[in-house]
């Protein structure tokens, strides 16, 4: 498969696969760069990401969907309206072309769902390593509307923490695939969040910051916010939405739903007192049906862990970061 | 050293079985628990059924806990 | 995933009160040891150690099979990969444990073929898919796990999977309990016994604790109410001057245990002395492969293994005996943390030091959580 060597073969992959799928005027020129239509206003936001997933296809999605949604969501939680994406695929020699096609189709479908355009693409073939892998690298450009200022610098004691739906679905689904488990309702939550986020913004709820809890799940994200914002975050164990299937997979493998990645959820920090307004906006959008308030923000206290969980019995338990990725255990 | 989860045996074919919990299924080996029957709740460890969960005992234990909890309330602080 | 009733906070509070009241009659702290990593974890999560003090002192013993696995075992596993290009299959628990020079995680990052599996059967599949390679399963764990490995070995025999081997490292629980019961320094009042090991061995396998040492014991499950019911029972036994084995996990444990599982173990393994990190060599405490399975014994394969190096200053040994608490180790929280572990007690999420670091150092420092 000499597709990445440039010249005719790359052109054919882009022309025959990417072009029909991602069709848009900027891409169709097939030049060295995508010259975009005029800038719609607002401040530009730019993100880049690399995607590796094993297995490449899983219930609820695949690498292509993951790449587009991940990029769209990074922009969206930063306050930007996602506009244009680039998508580069690195293929190990021997990668199955039908699989590449399916991933590209998923990427196109996800882009349509999100209302974004994939305006530039590239492919490269590298010598075969271990297994027939496909990797995706993206960049995403969006626009932050004037007056919108979301970020950890705004998070403060008294804020409420919401999540837009049940946690851990993606991570549990991936681990289930790797370790021989399946369930009809067990699927990744991978989805574009921009529609939901704009609905939240339109509600007027005073949003402080949003994050998508991908690698490391809700736990890592909370630790990062606590550190950057200089606050303490307390989660409410009883309020945490976890689907039964996800809990079963986690229990079986010795994992924790709070550490399991989500690919279609946002953590939302809002000003205390505005939870109902925010939740109402989230729940009236199809992607936010399971939204819930899961905790609050406090001032830092000496000797108290930066992230803790209030248990069913009303006590607080520290929630330390787990070291590295979680692995299935017997013990 | 004891991560074993109770799951329900929903299929059995010789020494191979399928267990289920909250809609999640996994195939497991019944080599260590040959007399497990479909419908039993079994403890799953490292992909094997290692023992049965006695539902009656579980119920008795829970009832005992209920009584203890109630006794605390009647005793007061 | 047990029913919420087993975690009922009212029952937890009631059992706590009852246990402490029972122990108070002794007029000295009751010293109880748990010997199961999953118990260490459950106790730390529920904050029971702090709540049971001062009437009851809960000590953590050598209950984590990963923590008691000597460094030399991992060194040998790495050598099998580097020198013989063997495929290593391991439970996730061993992946980050420090060896003399690195870890399995580091070996994999450097290109070694290390695969984390959930079940020994997954390793059988790896062997079937890689007929030209030696596939070595790192066999650790106590009696809960050993039968599953025995079953996998018998399956390999049945299918003629000649490239499937194990590096024997399984250990059994009763013998180290004797060592601990005989230790004059420890003076234990009772043992909380591992619930799932007991599913296999049966609760009667531990009757020697009462018979030979006059020490009460209780087989318990893993929810807070299970553990506290055990603590209360031990306090009651001690204050009444009794000693027996109480089976408080009747929904899973019987006096006789799982005979088929033990039979599989007996067909495949023989008891041998084995090295326990921190406790030294204990007779009859390890499971070696029988002669009939010598062809599946990776410990017989020729490799150069360096002399093992225990890290200087590491007090895992004392911690594992329950002789000291983690903060007494000079490395704890400084050179040795879950992110950069020096000793096995910190690496394993069930290890005493890891559990302490995650849950108890906040309390110890005066924090609320």
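Which chain is which? They are A, B and C, in the order written, and residues in each are numbered from 1.
FYI, a residue touches a chain if its C-beta (ideal position, glycine included) is under 8 Å from a C-beta of that chain, and two chains touch if they have at least 3 such contacts.
None of these values were measured; they are calculated from a predicted model.
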Inset, instruction - Give the chain pair, either A-B or A-C, that is connected by more C-beta contacts. - result: A-C
Legend entry - Most centrally placed chain, judged by C-alpha centres: C
Inset, instruction - Could you tell me which chain lies farthest from chain B when each chain's centre is the average position of its Cα atoms? - result: A
Inset, instruction - Could you please state the distance in Å, as a whole number, between where the Cα atoms of chain B are centred and where those of chain C are centred? - result: 22
Legend entry - Distance between the centres, which are taken as Cα means, of chain B and chain A, whole angstrom: 35
Legend entry - Where chain A touches two or more other chains at once, by residue number: 179-180, 247-248, 251, 254, 329-331
Legend entry - Multi-partner residues of chain C (at least 2 other chains): 1, 13, 37-38, 64-65, 91, 118-119, 122, 141, 144-145, 350
Legend entry - Sites on chain B at which at least two other chains make contact: 1-3, 5, 21-22, 45-47
Legend entry - Touching residues (chain side chain A, partner chain C) in the complex: 179-180, 247-248, 251, 253-254, 301-305, 308, 312-318, 320, 322-324, 326-331
Legend entry - Interface residues, chain C side, partner chain B - complex: 1-3, 5-6, 8, 10-11, 13-15, 17-18, 36-39, 63-65, 91, 118-122, 141-142, 144-145, 147-148, 151, 154-155, 194-197, 199-200, 222, 225, 250-253, 258, 260-261, 264, 350
Inset, instruction - Name, in rising order, each residue of chain B that touches chain C in their complex. - result: 1-6, 21-22, 29, 31-34, 43, 45-48, 50-55, 57-58, 60-62, 65-66, 68-73
Legend entry - Residues of chain B that touch chain A when the two form their complex: 1-3, 5, 7, 21-27, 44-47
Legend entry - Complex interface listing, chain A residues touching chain B: 176, 179-186, 244-245, 247-249, 251-252, 254, 329-331
